[in-house]
Amino acid sequence: MMPNPVLERFGRPFRLGLAGGAPPSLIGPVHRTASVMDQRFQLVAGVLSSRPERALTEGRAAGLAEDRCYASVEAMISGEARRPDGIEAVAIITPNDSHARYVRLALEGGLDVMVEKPLCNDLGEALALADLARRTGRAVALTHTYSGYPMIRDMRARIEAGEIGQIRLVQVDYMAGGLATRVEDAPDAARRWRLDPAVSGPSLVLGDIGTHAHHLVGFVTGERLASVSADVGTLMPGRRVHDIAQVRFRLGNGARGRIDACNAAAGASNQVSLTVYGETGHLRWEHRHHGRLVQANLDGDIRIIGSGQPNLTDMAKAATRLMRPGHPEGLQEAVANLYCGLADEMLARRGLAPAAATLTPSIADGVAGLAFVEACLASSAAGGAHVELATHG
Amino acid sequence: MMPNPVLERFGRPFRLGLAGGAPPSLIGPVHRTASVMDQRFQLVAGVLSSRPERALTEGRAAGLAEDRCYASVEAMISGEARRPDGIEAVAIITPNDSHARYVRLALEGGLDVMVEKPLCNDLGEALALADLARRTGRAVALTHTYSGYPMIRDMRARIEAGEIGQIRLVQVDYMAGGLATRVEDAPDAARRWRLDPAVSGPSLVLGDIGTHAHHLVGFVTGERLASVSADVGTLMPGRRVHDIAQVRFRLGNGARGRIDACNAAAGASNQVSLTVYGETGHLRWEHRHHGRLVQANLDGDIRIIGSGQPNLTDMAKAATRLMRPGHPEGLQEAVANLYCGLADEMLARRGLAPAAATLTPSIADGVAGLAFVEACLASSAAGGAHVELATHG
Amino acid sequence: MMPNPVLERFGRPFRLGLAGGAPPSLIGPVHRTASVMDQRFQLVAGVLSSRPERALTEGRAAGLAEDRCYASVEAMISGEARRPDGIEAVAIITPNDSHARYVRLALEGGLDVMVEKPLCNDLGEALALADLARRTGRAVALTHTYSGYPMIRDMRARIEAGEIGQIRLVQVDYMAGGLATRVEDAPDAARRWRLDPAVSGPSLVLGDIGTHAHHLVGFVTGERLASVSADVGTLMPGRRVHDIAQVRFRLGNGARGRIDACNAAAGASNQVSLTVYGETGHLRWEHRHHGRLVQANLDGDIRIIGSGQPNLTDMAKAATRLMRPGHPEGLQEAVANLYCGLADEMLARRGLAPAAATLTPSIADGVAGLAFVEACLASSAAGGAHVELATHG
Amino acid sequence: MMPNPVLERFGRPFRLGLAGGAPPSLIGPVHRTASVMDQRFQLVAGVLSSRPERALTEGRAAGLAEDRCYASVEAMISGEARRPDGIEAVAIITPNDSHARYVRLALEGGLDVMVEKPLCNDLGEALALADLARRTGRAVALTHTYSGYPMIRDMRARIEAGEIGQIRLVQVDYMAGGLATRVEDAPDAARRWRLDPAVSGPSLVLGDIGTHAHHLVGFVTGERLASVSADVGTLMPGRRVHDIAQVRFRLGNGARGRIDACNAAAGASNQVSLTVYGETGHLRWEHRHHGRLVQANLDGDIRIIGSGQPNLTDMAKAATRLMRPGHPEGLQEAVANLYCGLADEMLARRGLAPAAATLTPSIADGVAGLAFVEACLASSAAGGAHVELATHG
């Protein structure tokens, strides 16, 4: 069992409210399970629908008490504020265009926040939120799921330790198949809003999965993207939202890279692969085999480093529940690791733990993601010309 | 989200008490997470140590209220019986030699039971427990973890549907490395009791992992083992407990099979593989890639069937939380599926749901496991002679 | 055994001369083995070095008669022309800058030709050679090795048959590690000429491996590249030749694609991967598992199609010697398939077989390869601007 | 290029005659290609059929001169003996029951021999052949193909070097699917003789593939099988020949092991896997990925050791033509390695090279194989009782 600093220092889990995630959402149940898995949080309130009746039905199905099933985020925040046992944090997993408003409400209500990526749909808005977060002193964590996987953290730790030397080339493919057919003809609820640019933002593919890929590059290499050359568009004829982004980039240290992100890749199953080439070898991770890392060295040796093994880095061990070889964890545990980081941050901000950088993505990562989206769109509009990414904060 | 019949029909999760599982146990945290993951159970009481002080510390670390941290199973059962909100079920994850006593106490206390395999250390005892369970009308579920994996259930459903025709050959390898070194020289708590035959039973390897392999064969083929020819012993020189079992068997339908189970396989990481050959093809599952099933047909086609894909059998879909391709679950979800089955059974026995066979292993599987252990030991003692397995019940 | 139309119709194998390939060349022995493997050719003469003594020693080590070990291509062509049993074809596997001259000599000498890629170092020169070939009526085959693998041909046949529908996206990575270190400091003979741009051509990475990737795209999709946006340069600081090319492209049908080609990828082992996404699924091939093809469909099914299996396409079967499942062939057989195609072409041109398109790359593919190289360099020089590829012939 | 001691010391390749291998034989073309691949042998005579006309047609299709296409082995041996350029060795790839007679004829004719496994169908006969070979001083090599793969040799070298310590457990599965259907109903020529016990021997599965598995165990561990407990029979109802053998064994050093060999495994593609567990780790090889070896260590590290890589053992490098990472060889090269070993032996026996143990299986391995077959059959007849293997020579 991983030690639980929240129980140890705070005496009980933090109380969490949830905005969004009713069926057929995939991430709704994921957040519900992940947030409570390690007893950093207990889920006590929620807004599972804006229709009062459905909010009640779905809230109770999620195990909430009747009087804490709300029909709006505003109602939840004000209602909970009046309770002695009100929520201390909120998880926002609603459609993209509402993120900014709900994060703002939460921060103004004194709550800490977990918000699904992208932080919002607009860089200016993101900067304003970052500013507000700074002023309120509350934490904003971003659900970049992949950074919660132990072996992604192992990759980061090994690169940081210089195991493959100076970074020279990074390759990310994020191939998903959810939009490989004409879903426009009969979208379910989870897809309907994504197909509406007014809701899903200026570039569906970039906001939905491109920012995941972008975050991974920075997370494992420790370098920021300096410039991009991008071609963003659609594979599916007649589609109104982007479903493909082909991006070349340079990192701050001059290394090269590429991101291919696509939601219309027929037959692909949310396949993320990440390869980082350095001076003396490379490291490769694939979502499909998320519990292992491949390290190939100049001498011909290929090492498979596996989850739960004694040769993991401390950073990976700290993110592992089943520290015994051959006992698989999954995506829910990855998200749970992000919640653990948010809880650590909340303890620190309450003076109950020393301040320390957590690995959970923060609002600064959200701002960087939006800057990436905007630079890619600018480059694509300019025929693939190199566009530099501004730095913020 | 999978529908939750417990909340729907019973109005709240069942209340669960836990016996065992303090650090460095691996399965302690697994049971704590798995039992509550789907809100079929809430964990409200526990015996995490027989030393009162440690029972309290570890119980609170597990999120229990102070007055429900007990120092003995007896105390928990009687204490909880006096409460209006007392436990309705108990999970027994203590060392093997205590299983029989605690299961008996639980049944006599009117509780339903989840117990770690092996059910107990002796076939006679197992039969007595089965008899007691029958008389009390309570459910006893057995933690044969692997049968909770969606793709194992997919394999079962496909064999049942005749996708590979009549079964002809079954091969199981369960290779683990935990005893590959002289752990006897400095065992941790989790290994200490396993190395003592008085506690771990007549054959460590057979009780610990051999019964898992045995259960898998029956679970996926729907056939029982009719006879065995076994060679059981030790790979590690000077060891007092068995760490290797090599078993050939025949199924009830005349098919052949083998089980190799070993806890002393250096470099192995709890690697379970299961291949079933039928008339028209074979199915193969490996724990290392637990989210997929390989189906090879006579025409040369090899199909990879993956977790979360639309082409899963209904049986597999019903055991899957993340019904979207490429979103991995893990071992905790497999155990959670077993708890869901126990809860279904508890509903049925309370008249809140129609009686229906669950997929969660039952006390009959526990009895069959002990019969397997005894037959293997008899065969091995007789130089590998064929020994028939008695049928019980 | 594949039927041998050369023995059947011509009565004996064609007589082949070899230019180049002395140690430490890798491809020297490959061509020697591949050309004779199927008895389409017999190797009877060669120029293994320009130094007479070494030409003799290495020639004899390759099994040549003493009087047919020549010290120059000119000498071989004229010497053999004087013999009644002189060579009918020549294989040119010398450094890139000599290809044009030797191909010209061979054509003018009435010989058919197998030449290693790239055809030459300059598009103008390539066009002139194509013109010469047309005038002489001799065949020029190009050693794009990968197109000789049965499973690449299977991919082509399946795409042609519409198994994945209209093509939408193509991804190729060709990652090699031969130049991942400062080989400049102590190059062996095989690397020395590659590091000299005057010999290896305007862009080492594009000529060496980029043209392989380019050819594969056209070979399997049946579409030509219409335009590219490229960034070509060096990963290794201070290197004089290109070792990385990052290319985005559009096919004639509007589909998108990318090629990443790199010879400086530390830890990479000549890893080529090729994925083609269509409307209804995708096909993926990796050199590392060259004997299988992965086909993923919209319904979630993933098929592994394996070499030697009965479910291969006829195109793949015709390129397979070991038509029995699970009997691996290798790279030498792939090159041998190219020689079989050249022999078929030679038979046809001699009126001994009906004219038919072979799958072996031709001089037109060589011209297209050079056009690709030039377009990539032009795009890279223009900051990644889209550059259209001219069509020739 | 591997150095060629035959050309160097003997001045030309040895002259080889071939007995057997006409279509639809798979191994006919394999032997023809493999024997000449490295110019240790040239194929100059053959008996491809016992019908004179077909012997001529098939012989010419195999590239033989008309006057060296014979219709019986006797005729070939006597005919060639009368020529100044007659054969010096013969490859016998005829049905099993003829091996003994042809090996005897060859040895008596002063020829060296390559013979397909099993050496013959009877242990007594095998011992007589070994005696004859000793008296004639000729070499008899056995085509245990798998021992020719570089990575099997790498495994042997690493075990010999102590990389995994003392051997404790060996597991071999040889799963083939050629007899998974009722081939009896319409057998092709290659299967017809196999289905006749008078031709294929006392146990088809053991002679056909069981001896391969048996040889691999000894080849990589350096230990002989001391005893077996076996269950040999049929998976296919009504079959007259064995298609399944399940064998447990002990090695000379006390280690345990198992062999499962089956030709009736539906959907299996000649899948051979071999795992050797030692004190400090294990090594695993699979035919499907024959170019790599997996080494798993106690510390959790898993190494993939790949063909052509610089970290190979010398033993593996010496068996590799394409000594550059990522350039695959295949089965033909494995058999070619066996021919290289036979040629080395022939040089040594002619005083042209120092005597040295080759890695190519010898007649002693053939004898050991027959002893294994007989012991397995004896054990199976005795209900799986342990049967010790006699040692010979």
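Which chain is which? They are A, B, C and D, in the order written, and residues in each are numbered from 1.
Please note the rule applied: contacts are C-beta pairs under 8 Å (C-beta built on N, C-alpha and C of every residue); 3 or more make two chains touch, one makes a residue touch a chain.
The chain list, named the UniProt way, goes like this: A, B, C, D = Gfo/Idh/MocA family oxidoreductase.
For clarity, every value in this text was computed on a predicted model and none was experimentally measured.
*Asks:* Which pair, B-C or A-C, has more C-beta contacts?
*Replies:* If we tally the contacting C-beta pairs, A-C comes out ahead.
*Asks:* Compute the centre of every chain as the mean of its C-alpha atoms, then state which one is farthest from the centre of subunit A.
*Replies:* D
*Asks:* Rounded to a whole Å, what is the gap between the Cα centroids of subunit C and subunit D?
*Replies:* Roughly 34 Å, centre to centre.
*Asks:* Measuring centre to centre with CA averages, how many angstrom lie between subunit A and subunit C?
*Replies:* 44
*Asks:* Can you check how far apart subunit B and subunit C are, centre to centre, with Cα atoms defining each centre and the answer in Å?
*Replies:* Averaging C-alpha atoms per chain gives centres 55 Å apart.
*Asks:* In subunit B, which residues are in touch with two or more of the other chains?
*Replies:* Counting only residues that touch two or more other chains, subunit B contributes 177, 268-269, 300, 302, 306, 309, 325.
*Asks:* Residues of subunit B touching subunit A in their complex?
*Replies:* So the residues of subunit B touching subunit A come out as 1, 3-4, 7-8, 13, 23, 26, 28-30, 33, 36-37, 39, 60-63, 176-178, 268-271, 287-290, 306, 308-309, 321-333.
*Asks:* Which residues, counting only subunit B, touch subunit D once they are in their complex?
*Replies:* Per the stated touch rule, the residues are 164-165, 168-169, 171, 173, 177, 180-181, 229, 231, 233, 235, 244, 246, 248, 256, 258, 260, 262, 264-269, 277-282, 295-298, 300, 302, 383-386.
*Asks:* Under the touch definition given earlier, write down the residues of subunit A that touch subunit D in their complex.
*Replies:* It comes out as residues 299-306, 309-312, 325.
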